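I have a structure I would like to understand better, so I am pasting it below and will then ask my questions one at a time.
Labels run A, B and C following the written order; every chain starts at residue 1.
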Amino acid sequence: MLTSCALQRDRRERNGRILKHVFLIGVSVVMLYPLFWLLASSFKPENEIFGSLTLWPSSFQVENYTKGWTALPMSFTTFYINSAIVTVLSVIGNLISCSFAAYAFSRLQFTGRSFFFALMMMTLMIPYHVVLIPQYVQFLKLGWVDTYLPLVVPRFLASEAFFIFLMVQFFRQLPRELDEAAMIDGCSPFKIYWAIILPLSLPAMGTAAIFSLIWTWEDFLAPLIYLNDIKNYTVPLALRLFLDQEGQSAYGQMFAMSVLSLVPVVIFFVLFQKLIVRGIATSGMK
Amino acid sequence: MIKRFIARNAPGYIFLSPWLLGFFLLALGPILASLYLSFTKYDMVSDPRWVGFANYEYMFTRDRRFWKALEVTFTYVALAVPARLIMALSVAMLLDKGLRTIGLYRAIFYLPSLLGASIAIAILWRQLFEQNGVVNQVLAVFGIEGLAWITNPDTSLYTLVILAMWQFGSPMLIFLAGLRGIPRDLYEAAEIDGTPKWRQFTRITLPLLAPVIFFNLVLQTIESFKTFSSAFIISNGTGAPADSLLFFTVYLFNEAFKFFRMGYASALAWVLLLIIGAFTAIAFLTSKYWVHYENERD
Amino acid sequence: MAGLTLRNVGKRYGALSIIKGLNLDIHDGEFLVLVGPSGCGKSTLLRMIAGLEDITDGTVAIGNRIVNDLPASKRELSMVFQSYALYPHMTVAKNLAFGLQNFKMPKAEMERRVAEAARILQIEKLMDRKPRQLSGGQKQRVAIGRAIVREPQLFLFDEPLSNLDAELRVQMRAELASLYARLGTTMIYVTHDQVEAMTMASRIVVLRAGKIEQVGTPQELYTRPQNLFVAGFIGSPKINMLQAKVDRASGEAVATVPGLPAFSLPTLPSADDGLTLCVRPGAVHIGAGEVMTQGTIRLVEYLGNESLLHIALSSGQVLLVSDNGKTSYRSGETISIGFDRSDLHYFDAAGQRVEPIQNESRLQ
């Protein structure tokens, strides 16, 4: 009696599980289909891209990639170098300045700390569009337009408050006695930051670095405003150029370059999935 | 005494100084400057000229595109936020219980969120919803004749809502973390009492998840108001067709950087700031009526 | 090495006063133990000495130097934390050397000191491990090692043994005592544990609500508690307290305690309305004593080398009596108990100790 009941429940549970898997796999297919379609189209001959649901290209057009790479007035080599410069500098700036601020907010005592923390949290809400115009006017006066300075310098001033918040969340979990023991061991506040807090916060730093990297890599608005000369363009701006030439219908090449622009992000996602997932779960972000 | 005060505060302020500098130069200063500019006419060629409330007056009384931009943005927020959150919560609940291998699903569902901000995806989206794009071909399989979704002003906004829905990954992860925090024994107790699943959801899951839902709601609402790149790319940078994709941010961008009406654009920026501020404030002020935090109870 | 002087030391958090005007001289080379109920401010005081908390009032001097404004890193003292606070990302060797590196010590000297500390604490085999690979006792040794390599002028301990199990605690207690004997450095030690306090201290400071109740050697505190609080706090099992009325009608002071026969009191300087008589459980004897009464055994706690009897008097008050454990008693039994008046401690209505005036005739 009892066992048959349990058996029945077992079977019901297993059926439920299978149903769930079927459903989730269905959702996964829908979720991934656009990405695979993009990948497939990047290898297809021009006339096959539209009008068929088949993903497999009849012949692999590697030229989409080779031609696409140089289809624009500048080669993508330039755009990738530009993007890499901006991204690397931004990530470094973010990590240094945000970890400084987070250290101050989470580990140091000073008058006005909670006031400034509240201000910092409020800046999380401010849309970039609101500060954009005065910033643009200012950077223009400084002669910084069409350089990477407007994209990079703010990062060294902890302009992405989100990362401060992420690091504060993490730093706060470290036991306060560690700082105190280090203090008694003769450490200055900077030494504590450098020798105790940072080494113990590598996961948080890693999460911040990855997000900072991906977001800067994908950033469109700021480069759109500050970069005019095509030789300074970052990858997203270059991709947009394809759209402007749409009439010439080089879809295959456009998709090929789109795929390439996503490759770094996907690689980082695959490599650092754990850090990314944990970062979002603990701090809650975009 | 003063020396002591300085000695005690110096380390904090030294470490804070990059942020402080950034706060004044990149946030507070620009916000105030933008407030000032919003009362001027400024084309970047000649100096700003004070015009009082003229910009706001024009905006609210005569500028049809402003109202259109508001309509488009609010419609988008009203559709995209619930769509994304419901999707996120449903999938999170499916993943939360009874499945051992959720890692792969989690990764698959999160990937679009990570890629979503990129121009490549916006470009892809445009093509998916073309007259001869993938979506219509799928519909054709079911014998439905598709539309030119992007170029039809009646449907173009929905393509963006679907794009938002496709990117439900990060609220899903936050929901998953929240669901993990609900003690299993509550459900076991309910199960023993014979409480039906639906009531378990409304009586246990929802109330205990309220803080997380609140958090996601605020975050996603703010994010949605800020939507720019995808709308910009899909609408060819103009808000076309027929201004149906004239997101507030797109309108602002065009006023500022296409027509160089910096004063007017600043006024738009302040309206956007006030809208987002108001939404955040409302969320926080009303939160005590519907969000109960665990530790508040005892 | 150095002594320590606290003058009117106070700590406030806003309006809340945690430490209230303490005065204390800690001698060079002394092992001073701070005890007191939870929340009385022991840790706070220790942290003020360490430089981890601001001193809101008064002055703290190490040696002759007032250190109020000296940051913790410059006070040349070591502290051992209850949670050990070992640096999780460093090996044991690095944990020990970390402080020395900060003081720019020559490498050879550093290595000598680390090796010496490792030898004293017998952690030589653990030097390459990370803290998470250590047991509680081993962590504690490393924490102590980290304190001693610095050769500081002052050691501070905040309940260092309270996270250890009973057996390890006894062992580490003995090791700490021998360490103190070897180094002779001034030590300030916070604990909850009576035995630690009594066995290790040169002097004990009893704190209550941010004030010093009494300072003295363990023996002084045990034999001559200055007030009811100290009497109740020091000594385990807890001292018995009896409320007495003093009757002078017959010309002689007679104490009436409910449940006890009236007995005459020695001459007390101020024994008027209320008097509290205290007698330690060990000073109450079964079947003997100057003042005798009957009681019912409520509970027998057999501890091996002694038995602790809870005996209810006819008034209902329960006295703790510690017996040598050789006779077995059953609860419910009625027995006679008694004590000598010389074993009584007297406290006035304000709870302060009153000393009998010795050289007068005391017998009735």
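FYI, a contact is a pair of C-beta atoms (placed from the backbone, for glycine too) under 8 Å apart; a residue touches a chain by one contact, two chains touch by 3 or more.
Values in this document were obtained by computation on a predicted structure and should not be read as measured data.
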Q) In graph terms, nodes being chains and edges touches, is this line, ring, star, complete or other? A) complete
Q: Look at the interfaces B-C and A-B and say which one is made up of more C-beta pairs in contact.
A: A-B
Q: Please report how many Å separate the Cα centroid of chain A from that of chain C, as a whole number.
A: 57
Q) Using CA atom averages as chain centres, what separation in Å is found between chain B and chain C? A) 60
Q | Gap in Å, rounded to a whole number, between the CA centres of chain B and chain A | A | 16
Q.
Can you list every residue of chain A that touches 2 or more other chains, as numbers and ranges?
A. 188
Q) Which parts of chain C, given as residue numbers and ranges, touch two or more other chains? A) 71
Q. What residues in chain B touch two or more of the other chains?
A. 8
Q | Touch list for chain C against partner chain A, complex | A | 47, 50-52, 71-75, 77-79, 81, 83, 85-89, 98-99, 102-103, 146, 150
Q.
Help me check something: in the complex, which residues belonging to chain A touch chain B?
A. 13, 16-17, 20-21, 23-24, 27-28, 31-35, 37-38, 41, 50-53, 96-98, 100-101, 103-105, 108-111, 113, 116, 119-120, 123, 125-138, 140, 154, 156-159, 161, 164, 188-190, 193, 214-215, 217-218, 220-221, 225, 236, 239-240, 242-243, 251, 254-255, 258-259, 261-262, 265-266, 269, 273, 276-277, 280-282, 284-286
Q. Which residues, counting only chain B, touch chain C once they are in their complex?
A. 3-4, 7-8
Q: Would you pull the chain A residues touching chain C in the complex into a rising list?
A: 175, 177-178, 180-188, 191, 195-196, 199-200
Q. What residues of chain C sit close enough to touch chain B in their complex?
A. 54, 69, 71
